[in-house]
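What follows is chain A paired twice: with chain B in the first complex and chain C in the second.
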Partner chain A sequence: MTHCTPSEMMIVAAARALAGVRTVFVGVGLPNSACNLARRTVAPHLELIYESGVYGAQPARLPLSIGDPTLISGATSVCSMADLFGLYLQGGRVEVAFLGGAQIDRFGNLNTTVIGDWQQPKVRLPGSGGACEIAINAQQIFVIMRLKRRAFVDQLHFLTSPGHLGGGGERAVLRLPGSGPQLVVTDKCVFRFDEATGEMVLHSLHPGVELAEVQEAVGWELKIAPHLGETESPTDEDLRLLREELDPQGLYR
Partner chain B sequence: MSDGEMNTSMGTLFSPPDVEGARQFFAAKSRVLTDKLMSVSEAVTQFVHDGDYFSSGGFGMIRISTAVLHEIVRQRKKNLGFAGHTSTHDFEILAAGRCFDRCDVAYIVGLEVCGLSPQARRYMESGAVQVTEWSNATLGWRLKAAAMGVPFLPARALLGTETFKYSAAKEILCPFTGQKLAALPALYPDVSVIHVHRADVYGNAQIDGISVADWDLARASKRLILTTEQVVDTSEIRRTPELTQIPYWLVDAVCHVPYGSYPGNMPYEYYLDKEHLNEWLEAEKDVATLDAFLQKYIYGTQDFAEYLALKGGEEHLAELRAREPLQRG
Partner chain C sequence: MPEKLMSMRDAIAAHVHDGDSVAIEGFTACICFAAAHEIIRQARRDLTLCRMTPDLIYDQMIAAGCARKMVFSYLGNPGVGSLHCVRRAVEKDVPGPLELEEYSHFGMVGRYLAGAYHLPFFPLRSYSGSDLPAVNPRIRSVDSPYGDETIAVVPPLNPDVAILHAQRADTEGNTQLWGLLGVQKEVAFAARHVIVVVEEIVETDIIRSDPNRTVIPSLLVDALVREPYGTHPSYVQGYYDRDNTFYLAWDEISRDEAATQAWLDEWVYGVPDRAAYLEKLGPETWERLAPGEAMAASVNYGAYQ
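Here is the complex of A and B:
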């Protein structure tokens, strides 16, 4: 196998998780690369949905915006944003959605609103965007974000979008329709979630990554799967597609 | 956070869901077929007032009305309310002009893959702006409620989060299923601006490509300024009525502004100018360089045409036309 970067490993691992999926709600950046790689490999019938109103996108280049015309060109359908969120997402028609954030906690809750106190933020971040309703309504959430101690925190500064909330079936109590986060793909490892407690569990390490590296980058006492695996390496074809066709400028390498 | 107890939010409702007041306002609004062509400067002077609640159509850096946003800054409008719905470059311009003092937030400060705007951050972190949190769907559905004339729409949104806590939504129980829902209050902006591909002089307008929230925004807003790439005869509009998102009686002003979304993208027309958007971000790193930048491009120019000329005029715009991936036919 050709040597790959941690970012490439992350994108490939996220793409593979989409095997068999037909509808995915995509964001710009890392999710965009993962979903487009999946469409070229493990999920050829994957329909890409973007919150600007686009269904069935076939982007020819990397979009700079979720409303980028490259997402519209050749797409199956375009509708208003309110209809996309209402008729597709809240209507229950989105299987998987990708999310990320500045902070995530052990239950997969996400912060994209502020660092510091909300009243007097140290950093004002964009806010929910579409993430809050996506986290509530998509059938499954896959999170993709780089593993860093300042991002994987014991206490979020702000709970923008719900993961498993306080854990232990709290989503069901609120009757949130989606099943919440199922997977967190990082540049070092893959986490899944314990079905009973809703807590993040280390599922596999990317090749060459030590367990201690992951433990150091997580701000709580990390649960580890009984049979900790190694993430399957990218194939030469995965890397060729990423480097030559999907991201020739190497923005996400 | 059990199902039994009802949680309350603490955000300020900047624009109350006054459906009766809105009905009266819309009933009294003139439907006379009159020529509404005017300059951007006239439109902003006449229809945007200090303290108004303002909303910008399009999608942040796609089909925005840069000319009107610049003019709001140039005329030093103050204390506006702002609907931060998918706002990126539009937010950046108004934050640079310090034009608003309250904001309903769905997506602000960021420019998607281009990162965060330093000035938008400074302004939002300064304490000068009162914030209520929402999300892209919920703010969009607030406009839809207003357009529909109902005081709220229920949604499976916001529940269980601090986004809800700092919003002005309310939890309600569904009268049919008993489940908790978020009630999203109708949002009636005092004034909005939408940039379109073509309009006639009365304000019948057509949009190509993504419409985002503009169908609802046009119907929720008390006053509406259109800027348009092309002014066309009404017969041209009538040839493809299915493309007419905005009928004339919603509209107060029609301004002819070719390249009016620059440096944003205009689907089927021209691509965004990433270099100039980066120039904005670079200038914003420091307050002094931002002041000089604003002086050069906004305060020191008469109008949008002068700004386009400073940015390389027709020659540069032709390059952006060539870069647009959406082609007609």
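Here is the complex of A and C:
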């Protein structure tokens, strides 16, 4: 395999997890690249959905925001945001949605609102956007975030978007329609979630990453899968598609 | 009927007042900066600014001291980063304090829908398990009368005035929009007064040849303004692209309060109107932002005589 960057590893790991998926709710940046790579490899029928109201986007260039005009031209359908959130998302048509955040906890709950107190924040972050209802309604949530101690925290400063909440089936008690976070792809490793407890479990290390690096970057006592594996490396074809066709300028490399 | 077509100066003077709640909507596309700059020039104060994504447009209005409060769901410079002027107001009370009323996107959409439908609230599957209701007491929940379910609700939002940009309208204000539709229609029906701003005024026959594309009927429109390139640095589908270099430049400018005020002095207070702003930008901007052509196939509505 040709040498790949941490971002490329994240994109490829996320793309592979989309095998066979039909509908995915996308953001810009790494998730966008992952979805476009998946459409060219493991999920040829993948329809890209953007909260701006686009269904079945086939962008001719890398979109710079989720409202980039390149997402509209050539799309299957463009609808109002009321239809997008009401009919597509709340109607249960979104299989997988990508989310990220400034902070995540062991149950995959996400903070995109504030660091510090909401009334007197140390850092005012963007807020929910559609993330809160996406986290609740999409059938599965995939998270893409770089692994850092200040991001993988024991206690969120604010819970914007529910993951498995306190764990142990709390989503089911609150009757949240989606099954919550299933996967967290970082630049060092891949986490999945324990079905019974809802807690994040280290599933595989990217090639060349030591277990200690991951442990140090997580703010709680890390659970490790009994058969800890190595994340499958990108193929030459994955990297060729990314570098030559999907992101030739290397914006997200 | 009174003449609706007027200048931006007259439209803002007639319909935007100190203390009003104002919704300048448009999701990434069709964000009417021309209207925002005129509101800044006319020195409106104590506005409640409503918008899903405050974007650069409210960052500039807040820096200019127009706002008392903001109702929103996502505070970002899309694809770039933070809104530094909003953050200065929230984190440091500069240039003044700013009250926030925070929702999620679907919550804002639901508020406009409840406002447009004349309903007391809009129910949605959101907020359960989130901390948002704890910081916004207007996000509540009700027990379903048809089962044992509890569902989140948001209250109606009926802005005093909505300002909505689109591709084209006839002189009556029958308005056609394509590309991202955002919440333009819902806001137009929810607002007490509507200012529509368009790239082009066209004959009524053109509007009537394609009625499915008419999003805002004349019935709702109080004022109509023709302002080509009126959304720069935002974009209008098929007319011009987003000026991403400005979104990146604003990230730098807006980090510094003095640089922000200097920018407002030069580009807002320093020009009398949008035409002067466009002239100052220069024609090369529009060459750079011109899209290629991608025409829709025409459809046959049929002539039923």
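The criterion applied here is as follows: the second predicted complex is superposed on the first by the 253 of 253 C-alpha atoms of A that agree within 3 Å, B and C clash if a C-alpha of one lies under 4 Å from a C-alpha of the other, contacts with A are read in each partner's own complex, and residues count from 1 in each chain.
Methods note: a residue touches a chain if its C-beta (ideal position, glycine included) is under 8 Å from a C-beta of that chain, and two chains touch if they have at least 3 such contacts.
Predicted model only: the values in this text are computed from it and were never measured.
Because the two structures share chain A, they can be overlaid on it, and in that overlay chain B clashes with chain C. Of the two partner chains placed by superposition, A:Gly168 touches none, neither chain B nor chain C. In the superposition on chain A, contact of A:Gly56 is made with neither chain B nor chain C.
Look at A:Pro6: by the touch rule set out above, it reaches neither chain B nor chain C. Look at A:Phe158: by the touch rule set out above, it reaches both chain B and chain C. Legend: residue contacts after superposition of the two complexes on their common chain; A:Gly130 is shown touching both chain B and chain C. Put simply, chain A uses residues 28, 51-54, 63-69, 72-73, 78, 80-82, 85-86, 89-90, 113, 118, 121-133, 136-137, 158-162, 165, 170-171, 174-177 to touch chain B in one complex and chain C in the other. Note for the complex: chain C touches chain A at residues 27-29, 52-53, 72-76, 78-79, 82, 86-87, 90-91, 102-107, 109, 113, 124-132, 135, 149, 178-183, 185-186, 235, 237, 241-242, 244, 291, 294. Chain contact summary for the complex, chain B toward chain A: residues 1-3, 59-62, 84, 86, 88, 105-110, 112-114, 116, 120-121, 124-125, 127, 133-138, 140-141, 143-144, 155-163, 166, 179-180, 209-216, 265, 267-268, 271-272, 274, 324-327.
Chain A meets chain C in the complex at residues 28, 51-54, 63-69, 72-74, 78-82, 85-86, 89-90, 109, 113, 118-119, 121-133, 136-137, 158-162, 165, 170-171, 174-177. Only residues 28-29, 51-54, 60-61, 63-70, 72-73, 78, 80-82, 85-86, 89-90, 113, 118, 120-133, 136-137, 158-162, 165-166, 170-171, 173-177, 251 of chain A touch chain B when the two sit together in their complex.
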